[in-house]
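Two complexes come next, and they have one chain in common, subunit A, joined by subunit B in the first and subunit C in the second.
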Partner chain A sequence: MSRRLRTIAYLGIILILYLIPEFVRSDYIINLLVFFLIRSLVAISFNLLYGYTGLLSIAQGGFYGIGAYGYTLLVMNAGWPTWPAWLAGGLIAAVISLPVSGITFKLKGHYFAICTLALSLIITAILTIWRGLTSGALGIAGVPPMGGISLPWVGEISFRNTFSFYPLVLTVFLLILLVIYLLTNSKVGRTFQAIRENEELSLSVGINPNHHKAVCFFISAMISGLAGGLFASYIGFVHPMTSDVFIGLFALVCTVVGGTGTILGPVVGMLLLGTLPEILRIDPMIRNLLFGVCLIVVVRVAPKGIMGILGQLRQRSREVLR
Partner chain B sequence: MVLLEADGIMKSFGGLQALTGVDFRIHEGELVSIVGPNGSGKTTLFNVITGFHKPTKGTIKFRGNGIGGLSPYKIARAGIGRTFQVTALFDNLSVLDNVIVGLHRQTTSRMIDALMRDRRYRREEKHCLEKAKAMLHFVDLENCEDDLAGPLPSFSRKRLAIAIALVSNPGLLLLDEPAAGLNVEEIDRLAALLKSIQASGVTLCVIEHKMKFVMSLSNRVMVLNEGSKIAEGTPAEVSQDSRVIAAYLGK
Partner chain C sequence: MSQYLINGLVLSSIYIVVALGLTLVYSILDVPNFAHGELVMLGAYIGVFLIGLMGVTNYFLVLIFAVVALAGLSVLLWKFIFRPLRSAPPVTMFIAALGLVYILQSAVQLIWGKEWLSLRSPFAGSVLLGAATITHTRIFIFSLGCLLMILVSLFIYRTWLGKGIRAVSQSESGAALAGINANRMITFTFAVSGALAGCAGILLGHVTFVFPLMGFSPLLKAFAMIIIGGMGSIPGAIIGGFFIGIIETLSIAFFSAEYADIFAFGALVITLMIRPRGLMGKLE
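Here is the complex of A and B:
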């Protein structure tokens, strides 16, 4: 019965999320939500790596940029249709993760984090320097939006403005969240966590950690890349700073504050640190200061983040009720 | 029947000779103990057999197939389970999940099956759950299957580590100092557990310092000193051996 109630509650929440534009007629708020969902995907991809497999990646911003540029260049230079270009952008980001996996997983220690930091900086540098392809620091303007689709009953939908784009990004977000949920609550997630907990013991029960790490990194890079493609198609402009290393670092902060290794932790963190300061119009300089303070406080006081605190409260209330 | 045969195992770390040509056999169904002073190469030998160290020289065969120098996960899949000297668990997973992870080498469902939650995946998960619960019952940990593994008391940790290694029915189980840090009563319970593991058809090889434990339990004892085998035989034979006495007590 409680499971049924929970399913109804989830469906209700999803319905409300889809109906928000009907009630909130503000372009500004919906725009914020679109950015929130896109950047949440980056945090989710970071969390899959760090929270489950224990790999600290700083390259998620780089993959985001690759996805954005992949979409832009495939559509504008190669003349691809928008949807395949979007998927291909994510796939290119994922393929770029493979050599990093090949190089770093043979080494022990912090080499993975260092390598991903280097990768993120290299991606930004290449996007800046390779003027022939990317028009360098000028960026590329006039990126076409996602092509419209026609659905039965609903008819033709285009994604040209904020209000029509919101359901698209929400659908992608929910689908990816579902995939992450199914993966992490299965044998795959269990294996990832085993590697995070103890790599030697994992080896001794027949797990090939390097294979699973590479798979996890591949999926994670793809999610960031897909988020970047959504961003480019929405904003219509890409710039080397679209791949800024800070995007990945911000995903890290949001994930840790929200709760690593939980499904909704990165989303909650992004809402609190990404969207709330925007609504409250906090000065960007002060924002960075707040992020730092939040990170330190959470690591010191509640290492499992906000989701961890909520879990504890729920357990305590259950005990009291009993 | 010979289960594991190791010939001329040498292992050096830089200039240090940890193992200097060890030959030994493990036969199906027996319980072999490896004893020796600290630094005599016992754990190194385990690590070489299970692939965590590559042998500098020598061959290792398990059920007739060469396994020397293979990756640890491949050796595990061939059917050699092990525990570690410092008890290793997946600390932030539940006790039950720890044991289910131990079944990894027997699972065949792929990522796509897990995503689709198809029949093959669900059947396999159900099978794993039943097997893991039965194993927890066997090591007497069924009352704490939902607890996190990390905070368990030390004897429970030891038994859980054995359960993780044993649940996938390995042909050979290597235990690195299972009795270290246990009190007298716990050692007796551990001895009973090892006997019932042996009775269930699993071949055991145990590194241990507690001599009474070793002598009462083992079918055969091998003594290592400074990286080479100095004696081998039944517990009674070995304890009479002059070189063993010299190695342990000094001349």
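Here is the complex of A and C:
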């Protein structure tokens, strides 16, 4: 496919994504799509860490919760306008990632994974205990939605219901996907991959692995935090369980099944494992059983996940066509 | 206070039994078996099934059955799930273990449902010790826990098989040169680890409820214990275990139960920061 054709195809897909609510007038489906996009962002942030830099972080749920609480508290307690509060929530999550990467710098492989798991649990525990700020296990209800914006020609847009929120979350999603694409194809992204492949070797060619790991963690935590802020503004309620460790684990499952280290892998994984079972109304127990089977099958036969299989198929079809 | 301390010690003796199984597999395979908590959960369910539903009255028969069944399952998991992944990057086994967590949890939910069940022990009655009441069940749990700690230590440090396991955990190729069948040693380690999990599951069922997610919390605590004590070290797991148990008890006594997690996992993080190999872990 030529470059121009491919660009047109992408633009067409994006247009279709924006037009989905025009055709699907179901509140239920659009609601599912909103959750799909928000949770995909968490998986994307995990993929940036694990797929590109080789850091198996299970703390993404914690950063997601911090972003959600950051937005909520800045809007409700500090009286900030919603948009700066949302960005600040993401930034708070990113700033908290700095000591986290400082702590986990030296750790390799599963020590790193266990340490981030512990940190995620500590974040949930702090959100539960700090009653004065977070009102503890009761959670905070009545989180205001994102404030409306007025665009030239279009006029005033509010984000108060599912149908108006969908374009907002889709825009954020596409922008972050674009950032990830540009980042991973930049020099920094290639440096991440060098660290993933061989940390000592990358050190020997003058790369500072710790510095780059911290940058990667920072960006990734920010994406998770922004996703958490979107979630809080959409659902209107935050709870310590918003930062549950299973959010991070689920991001891991989706990314591994979809394909680690590929741009769309986490999105495909989330669509197949997070959204499809909801649409098909599969019983959660059977769904979880399938998750487990998928994980084991993927690590056994297709380490690159679904995207890897698709890539192989495309290559094979090309060879056949030749 | 003394009541807290006694209950804390009893609970940590169960967690140490969990941690011993975890640290054994870690010592030989360098993989934290994330599915270990689910083996504990299955042990408890076997107890509920045999005592509650089948009406088996001989308690020790139940205990032995759980131990044997979990040892067998653990070996099967090694043969069919973990062994084929040995040549893959180490994180792969971690992910496969996570897959097992999902499978075992939902399988148990499909069979037994989500209800919280209880597993009554055959030991009724209690003794008074100062201001504290100790049930006979708790005395039994603590004694069995300590007995298992001693037995596992003796097994690893005093028997021929234990020597073989230690040899393989130090260097697989070196052990092979000395005529030790590494594969058999790993299989054996998985069997012991599963047996410990089965026993811990029954004991845990006496002091908490039995439900599909019950394995997660002891698993996390066991991780904290073996990281503080040193991954792969048996005395380390025991020392780390009592350390976490006492920290938790004190935080519950002085603050509230919600603080227990912060202190336990905070201790884990601090250990990894200042001494990643833990108190008694081997140098890499």
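Here is the rule we go by: the second predicted complex is superposed on the first by the 317 of 322 C-alpha atoms of A that agree within 3 Å, B and C clash if a C-alpha of one lies under 4 Å from a C-alpha of the other, contacts with A are read in each partner's own complex, and residues count from 1 in each chain.
In this text, contacts are C-beta pairs under 8 Å (C-beta built on N, C-alpha and C of every residue); 3 or more make two chains touch, one makes a residue touch a chain.
Since this is a predicted model, take the numbers as computed values, not measurements.
When the shared chain is aligned, no partner comes close enough to touch A:310: not subunit B, not subunit C. Contacts of A:121 after superposition on the shared chain: subunit C is touched, whereas subunit B is not. Touch criterion met: A:179 reaches subunit B, while subunit C stays clear of it. When the two structures are aligned on the shared chain, A:235 is found in touch with neither subunit B nor subunit C. When both complexes are overlaid on chain A, the residue A:205 reaches subunit B alone and has no touch with subunit C. Put subunit B and subunit C next to each other and count what each touches on subunit A; the higher total goes to C. When both complexes are overlaid on chain A, the residue A:299 reaches subunit C alone and has no touch with subunit B.
Note: no residue of subunit A belongs to the subunit B contact set and to the subunit C contact set alike, using the contact criterion stated above.
Residue ranges of subunit A in contact with subunit B, taken from their complex: 179, 182-183, 186-188, 190-191, 193-194, 197-198, 200-209, 215. Across the complex, subunit A is touched by residues 31-32, 81, 84-85, 88, 90-92, 94-96, 98-107, 109-110, 220, 223-224, 227, 231, 258-259, 261-262, 265-266, 268-269, 272-273, 276 of subunit C. Subunit B contributes residues 50-52, 71-73, 76-77, 81-82, 84, 88-93, 97, 100-105, 107, 109, 111, 114-115, 117, 121, 124-125, 164-165, 168 to its touches with subunit A in the complex.
For subunit A in complex with subunit C, the touching residues are 56, 103-104, 106-107, 109-111, 113-115, 117-119, 121-122, 125-126, 128-129, 249, 252-253, 256, 285-289, 291-296, 299-300, 303.
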